[in-house]
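Heads up, the next two complexes both have chain A, just with different partners, chain B and then chain C.
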Partner chain A sequence: MSGEARLGVPAGGVRSPVELIDPARQIDVAAPAWAPTLRAVARREWLTAVRRPGDLLWHAGFFVMVAALFPLSLRPDPATLLLLGPGVLWVAALLAVLLATGRLFHDDLKSGWLDQCVLASAAAGVPLALIVAARMAVQWLLAAGPVLAVAPLVALQFGLNAAALGVLLAGLALGSAVLVALASVAAALAAGLRGAALLTMLMVLPMAAPVLVFGALAVHAAQGGAPAGAELSLLGAMLAAAALVCPVLGALALRSATEA
Partner chain B sequence: MTIPGAVSGRGQGGSGALLTVVKLVGERQGLRLWGPLGFELMPGRAVHVQGPNGCGKTTLLRTLAGLRRPALGEVRLPVPCWFIGHATPLAEDLGAFANLRLWLDLAGAAAVADAGLHAWLRHWSLPTERPVRQLSAGQRRKLALAPLTLAARPLWLLDEPFDALDQAGCAWLAQAAAAHLAGGGALLLSSHQALPEGFPPCEPWWLGARGARKAAAVAEAA
Partner chain C sequence: MFSRLIFYFASPMRLHALAGRLVRPLLWLALALALPGLWLALVVTPADAVQGEGYRLLYVHVPAAWMSMFVYLLMAFWSFVGLVWHTRASAMLAHALAPTGAVFALLSLVTGAFWGQPMWGTWWVWDARLSSSLLLFFLYLGYLALLRANEDSARADRACAVLALLGAVNLPVIYFSVRWWNTLHQGASLSPGKASMAPEMLTALLLMIGAAWAYTAATAFKRVQLIIAEREAQARWLQQLQDDLNQSDDGGAALPAADLEASRA
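On to the complex of A and B.
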């Protein structure tokens, strides 16, 4: 259909003279037409999260609690802690990220913001997948940022050395991005359903297993003084694939969610 | 001008219509709600869709806006439109100004100046920064309708716009709608209540299982 091409044409022409046009703003309209759209999606997410710092703290707190309770419940022996540390840290981080992402689109669907996103994507010619990708990127900062920030503290408890800590942080940064991408797709599929958070967990956990396996292996390798490049590269490859595929899948899921 | 309910044979576009609907059928869970509908919304035309709860008014509006795929038929929307649904697309934790700014940016109306938004909020004495969750339902409704006048678009699709709106708000919407129609716009709205005083005259349509008919025809048959 030629609809999209025609939609774009009158956009400038039909504005009524009543509309106030600020010259400073007109300049960024001349930039790619969809830049303000994507910026608005990302900014809204960011501002909302900043207004509710408790949620961010809670994600970090969850990570700390899970990871800190393990050493207390195990034999207090450095060898055991070293053995279990990487796995525990990764599981705790994975759960914290999933917890944060489970209800990603719930409020947006209920408030009708998703409708406006779908309409804007049609009107401005922005692929909905890009809008979803912008959401995912901000969600990654919000969900993984606090976890990464407190990870060094928790890693101390398990006696991780500096090299292992570096690999843990790099692995978590890559791996959590994959997890956020997967969880966003699941959240989009479950949007509007009751028990969406639980459904998201169930859908993501099987797919998250490879991330967990390679992430923990990388830390183990670094702890033993072996290079962890291979595992980190695999995590990077997973992220590359997820970054390409997940926004498209998420957009498809959201479109059907708004059709309901 | 085609008659609502009759299937439009013409309307091949290019006629200046802001919205063209051809043989449109609405379904929900396999049940036909309305249709086939065929009509053209020409500039200056206003339509008031009525019908009992569950007759598919919202479905019709969402289909026209392009949010729902029609079960059958085609919607041609050659101009940008505002679809303001029953829900208010506001972020509960953000202030009124941030909400409007983000919405307009999203919708490709980033050219609307901040000063215009501030002036609008001042006019309704709406707090700029206070989280929207603390505003009343009517204030939120006003915010949801704000883009209509802040960034003009030739077609308005409004689902229950008078919901929770106070008298001043209704009067404002009536005035805005009159200016919109006079300026060559068209609008289609659904509402249970009678239109407020001063609202420009709208063609009443009755949405039912046998398609949209003029409400007058329904009244005559009854």
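On to the complex of A and C.
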């Protein structure tokens, strides 16, 4: 018998030590089954939402209505609108995102889907934080997507020029992602409690204020012709921090919600 | 050494005993610091050259503002300890600190408004320092609302801990806001090593800050005693303690059980 056969090594050699344990390569030790689980979670969210397109239209419609209320209640002359435009648009976007994300986990807790998520994360070896992050990503598409789609029309009403509109869209894309992350953590904290939607808003508003301030500052700067790179970078930094911290804290909150 | 202290008092029973021993001395300390502080603040120190008598609100405003920030820092710290080491007592201490912190935040906003009206001519201005202090007050309200909304105490502890940690980001913003932005609020006049005010004013201010600290500690310990008594109501050590208290009130009267046995005999 050759030396290789005595050791149980297949003829022709091995390419990696894993093949000694698992010649048929059925277990992918480098990548535990994250992709299927995350894909399933994202797909469920997406399908649930697009099968009720009214909700998506409502997110956009709410944004348009709130943005329309301000010129109606104040003097709608162009100078005032130019001054108010950035702030009003950002507040309307903030409220639309908060409303959309307020009861994110409430129904899931009641229906038992959250328990399934916690069990699935344990079974598939996927960290619960990643499942929450996948949820947040899809929620961003669903909550911020309609707002971003409608924003150019509303910005036209406020007389925003092209440069300011570009900065508004970029800022909204970044800022709404931060807001969705924060609102998801707040929704996870308040899931299943009485007055969950209101509680979520109360928790998110102090933390959403910096996003609002810097987003509106960016558009103001662009309106005046100055570069808005600094404010947009700050929004990007907030997104980087939120994307790292919020899924972990959200997973913690969901675990305690399901254990209760 | 410090961690051993934390873990020693992580048992609600020991924290209850410690709190009980400390509340009275801390209240007396608060009084002992507040009285000379107020005397110095209101009587001894002369009126300010520019601001007149109204500046004396400083002696309430600054301690309230510092304590509101310090209490939130403590809440964030105990929340972190509770989340990482799963100690129940640290969450209870955070819950006990929250209302006092909220009161001090509101007090600093109100006294600031009363000071600002004669000094700056306005009750409020949306600059960085005032806005972030308002946000701190809202953070306290959110914490208290979440605490109230949760009936399950384990979930309440974890949820409030997460919220406290998230909101702790606001603290450096408040503290450094007068340096990072051009604000109407004055810059820092106190820093380790130098102080840009007269010695009597500095002494009065430090005494008032000490009094605020002692008062906060006393109320937090009293409140944590109440929270422990409420949560651990089924625990034998607590029932034993309450029986001992009832017994000493009766002046050593015969226990009802003894009567029962006597009547059965």
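Brief remarks follow.
Criterion: the second predicted complex is superposed on the first by the 228 of 260 C-alpha atoms of A that agree within 3 Å, B and C clash if a C-alpha of one lies under 4 Å from a C-alpha of the other, contacts with A are read in each partner's own complex, and residues count from 1 in each chain.
Just so we're on the same page, contacts are C-beta pairs under 8 Å (C-beta built on N, C-alpha and C of every residue); 3 or more make two chains touch, one makes a residue touch a chain.
Being a predicted model, the structure only gives us computed values, none of them experimental.
Once the two complexes are laid over each other on the shared chain, residue contacts for A:Arg43 go to chain B alone; chain C is not touched. When the shared chain is aligned, chain B comes close enough to touch A:Val118, but chain C does not. When the two structures are aligned on the shared chain, A:Leu82 is found in touch with neither chain B nor chain C. Within the superposed three-chain model, A:Arg52 lies in touch with chain B and out of touch with chain C [touch as defined at top].
Shared-chain residue A:Gly195: touches chain C; no touch with chain B.
In the superposition on chain A, contact is made by A:Val185 with chain C only, not with chain B.
After superposition on the shared chain, chain A has more residues touched by B, the comparison being chain B against chain C.
By the touch criterion stated above, A:Glu259 is placed in contact with chain B and with chain C alike.
Looking at the shared chain after the overlay, A:Lys110 reaches chain B, while chain C stays out of its contact range.
Shared interface residues of chain A, touching chain B in one complex and chain C in the other, are 259. Only residues 83, 131, 135-136, 138-139, 141-142, 145-146, 149-150, 152, 154-155, 158-159, 162-163, 165-167, 169-170, 173 of chain C touch chain A when the two sit together in their complex.
The residues of chain A lying in touch with chain B in their complex are 3, 6-7, 10-11, 14-16, 18-22, 25-26, 28-29, 33-34, 36-37, 39-41, 43-44, 47-48, 51-52, 107, 110-113, 115-120, 122-124, 258-259.
The residues of chain A lying in touch with chain C in their complex are 182, 185, 189-190, 193-195, 199, 202-203, 205-207, 209-210, 245, 249, 252-253, 256-257, 259-260. By the touch rule above, chain B contacts chain A in their complex via residues 62, 65-69, 76-80, 83, 85-94, 98, 101-103, 105-108, 110-116, 131, 149-154, 183.
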